[in-house]
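The next part holds the structures, each set out as structure tokens.
In the two complexes that follow, chain A is the common piece, with chain B as its partner first and chain C second.
After this line comes the complex of A and B, so read on.
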């Protein structure tokens, strides 16, 4: 019992914004709104919101690795793609009976994590840091995209699943919950909405606990000063590797859910543009905090979608400008900057009245 | 097929791979080696060079002048980018990566909007020649020569000119150089322009050999990064030998298993090299020397 309490106490702490009754009542209010949301709107909007939620996982993974850990990784989309393809290959081969889709989800996320373990071992134990880490992960991502894009011929298949080159895989079964009479199939609608929302809340809270635990503090210490962290006796390579693997698993979860959502996955989901977008959401939101990352991702994504009406090229140019301006003007992120500004204003007001 | 033609074929493929690696990487290597800045918009500078070259050739200029125009325009764009963006981020290397990535996104999509999804290409000049049963493109030989000339030119620039000496001084101890009256900001601007110009040159040289699309930068960028990562921070001790080693890997794997395996070979090589030599070849050589 006391273990649970001490775990819950980690929900707030120095590494995450938001504490006290005010924050958590707001959190409950937002959650309530999210739960009630499908009742107030139509199926299309619900499906679209699921699409937004799916991307939040990869944004959180980037926030973990880049914002908290200080290692800029362009590899998140690679893990996204690996897990997405993994889910496709598994479910097309073994079908969706007996709840296998959930096992496929776990295995696919596991494959992404395993790949990250391998790649991360070479990078972190080779003491690759800073800009080189970004380049190596980027090279891996681009390589994977090229590899998947050339798998068009019938000789490229795993079991009965054709990889289909540039067109990607499609028609994999959606997540299915086995039930007594007939299994519940979660199409990109209300059912999937609640499942993904639940996952999102769990992941968000779990990451809060993780970041405020001693592990999270060490990760932030490594970001601030790797040499000092090492002198204090921490094997920073292990900590970085574990963060990288957790991040890869989250990105993989994003990939699986994306595949589940649209029932397709293509190589371009691992390309340059696809890799740039999560970076923009996280940078604009404020990479060094989980809450601002979630807010930033949802805001920028919906803004991006609204702009796509005028053509996706224009929207992408706008995203590029937004990214450059954020880096130049508000390096910590726009959302985080605004929140910090407001808190400063409020505390100054308090001091004046006191 | 006798030994001589076989050897020539192997050498030709090696030269082709070497030229591609060195030409696409040296602009990046100059900027990274001298300024510690990774320019993710490197591929877009290459694209810029290729587009300007093609446009000038369509306008009636001969190809060499077109390539020069491509180089010059890229260098000018480089100055502009340095002034507007890079200059403000020298203290934050990770943020430069992010910002230049934003620039690359703007450039790629902007070109798509302005010019369209493809641009009419330029024919490959010089034709081909015959050795044994195979015919080879003369232009590929020209590219190999150009790669050697660029390396030679850079060596001369950084060792024999006043700019080169000032640039190297600025790189070694920026504050000391500034105290001695060197305008370090100007040096950084010029170095960045030099790197951007080299990227434009690579684009111009390769413009006749490939299809011009807004995303063509991505074809270069992986090879360029791999070469710079393996080479490390020094252009001559790093990029050139890395280009040589990787060219052997790439041409060997390509002729054995095909283009894709050439690229996979590069990737595996880079992952192994970063594990063994984290600072690249030049870091290894320099450590041995001191």
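After this line comes the complex of A and C, so read on.
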């Protein structure tokens, strides 16, 4: 019981924005709105919103590794792709009966985490840090993209699952809940919406608890000054590796959910553009906080989609400009910048009236 | 039994012999100052003791155990602690959080909060606890880092120029802090240029010169040694 209370207390702390009754009331209100949302809109919009939600996990993974941990990883898309393909291969081979899609989800995320454990071990224990970490992880994801792109021939298959080269894999079963007469198939609609929303809330709250725990303290300490952190007796490589693996698992979850959402996955999901976009969402939102990361990702993603739909081929150029502007004007992120600006404005008002 | 024993430590950087057959023994409970001109190899000796550098040859014993091949964090866990020359605080975090990170591996919950309050009081930083560490004055940053170093309750505290950039009053206060810690049983090894500080705290002094132990003794013996005056104190007094 007291363990539960102390966990709940860690929902607030120095590493996360937002505390007190005001913040949690707003949180409850937003959550209520999100729960009611499918009732107020059409199926297409619901499916599209799921698509936005799917990307938030990879954004959170980047916030964890880069924003909190201080290591820029360009390779989150590699874990995204590995888990996405993993889910495809597993479910095409073994089907969706007996709730296997959920086991496939877990295994696929596990494979991504295992890959991160291997890659991360050599990087962190080989003392690769800073910009070199970004270069190595980028190289890994581009290599995976190249490799998957040349698997068009029929000889490239795992069991009955063809890898299909540049066209990617498709027609894997969606997540399926076993039910008495007829299993419930979660297409990209209301069902999947609620499942992904629930996952999002759980992951967000769990990360808040994690970052405000003593583990989170060490992670930000390593970002601030790795030498000092080690000289307080922390095996910093171990902490960096664990963070990297958790981040990879989250990126992998994004990958599986993306695959489930559209029932396809292609090599370009691990390409240069795919690797760069999450960095932009996270940098624009404010990478060093979970809440600003979530808000930033959803806002920038929907803005980007609006741009591409309403006829502008310059959406990607615009994203680049957005990144440059953010770095110049609000290096900690626009959402965080706006919050700080409003807080300053309010406190100045208070001072003037006092 | 000696608390720290460096036996015939050697370290080369390219052709430069920065640590040359250094023997250094610290008895438990003493305050030992390491002095010597710039480039004498004082900071390198610290890095060897802390495991940031590996010696070319020689061995380091701590509390009877050979720690020569241990990683830095493992040495810290055995009872070593350090305050660096350039303040190594977590600049973006609050003063309180800096101390919490140092204390959290030994204390939890209410006991942790109590330890933080006690340490803030000891350092005279209670009023600054919510401030971002990067905004502290230089002297306050030095104290905060000393606080983080002693939070580990080390057997041996290494201080690399603890009073660098401090005013004479701050230097004196730091000296008193070190003596209080020593009175509670902490062994201290300090690199220091400020002779007023050395006189205030040191029970034994080792002079390093060109990577070698040049002289060793009480502060009075060292001050009386003309050879030392020639290489070091002479320059300081000039």
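The rule is simple: the second predicted complex is superposed on the first by the 343 of 354 C-alpha atoms of A that agree within 3 Å, B and C clash if a C-alpha of one lies under 4 Å from a C-alpha of the other, contacts with A are read in each partner's own complex, and residues count from 1 in each chain.
Operating definition for what follows: contacts are C-beta pairs under 8 Å (C-beta built on N, C-alpha and C of every residue); 3 or more make two chains touch, one makes a residue touch a chain.
Owing to the predicted nature of the structure, the values given are computational and were not obtained by experimental measurement.
*Asks:* So, does A:27 touch the first partner chain B, the second partner chain C, both, or neither?
*Replies:* Neither partner.
*Asks:* Give one of first, second, both or neither to describe whether A:236 is in contact with chain B, with chain C, with both, or with none.
*Replies:* It touches chain C, and chain B stays clear.
*Asks:* After superposition on the shared chain, which partner residues are touched by A:194: those of chain B (first), chain C (second), both, or neither?
*Replies:* neither
*Asks:* Of chain B and chain C, which one contacts the greater number of residues in chain A?
*Replies:* Partner touching more chain A residues in the overlay: B.
*Asks:* With both complexes overlaid on chain A, does A:156 touch chain B (first), chain C (second), both or neither?
*Replies:* Touch status of A:156: no partner.
*Asks:* Would you sort A:276 into first (chain B), second (chain C), both or neither based on which partner it touches?
*Replies:* In the superposition, A:276 contacts chain B only.
*Asks:* If we overlay the two complexes on their shared chain A, which of chain B and chain C does A:72 touch? Say first, second, both or neither.
*Replies:* First partner only, chain B.
*Asks:* For chain A, give the residues common to its interface with chain B and its interface with chain C.
*Replies:* none
*Asks:* Using the touch rule from the top, collect the residues of chain A that touch chain B in their complex.
*Replies:* Those residues of chain A that touch chain B are 70, 72, 119, 122-123, 125-128, 130-132, 134-136, 138-140, 142-143, 146-147, 150, 271-273, 276, 279-280, 283, 311, 313-314, 316-317, 319-324, 327-328, 331.
*Asks:* Show me the residue ranges of chain C that touch chain A in the complex, using the header's touch definition.
*Replies:* These residues of chain C touch chain A: 50, 52, 71-74, 76-77, 81-82, 84, 88-94, 97, 100-102, 104-105, 109, 145, 148, 152.
*Asks:* In the complex of these two chains, what residues of chain B are touching chain A?
*Replies:* So the residues of chain B touching chain A come out as 32, 36, 38, 40, 85, 88-89, 92-95, 97-99, 101-106, 108-110, 112-113, 215, 218, 221-222, 225-226, 228-229, 260, 263-264, 267, 270-272, 274-276, 278.
*Asks:* Using the touch definition from the top, list the residues of chain A that touch chain C in their complex.
*Replies:* Interface residues on chain A, with respect to chain C: 6, 14, 214, 217-218, 220-221, 223-225, 227-236.
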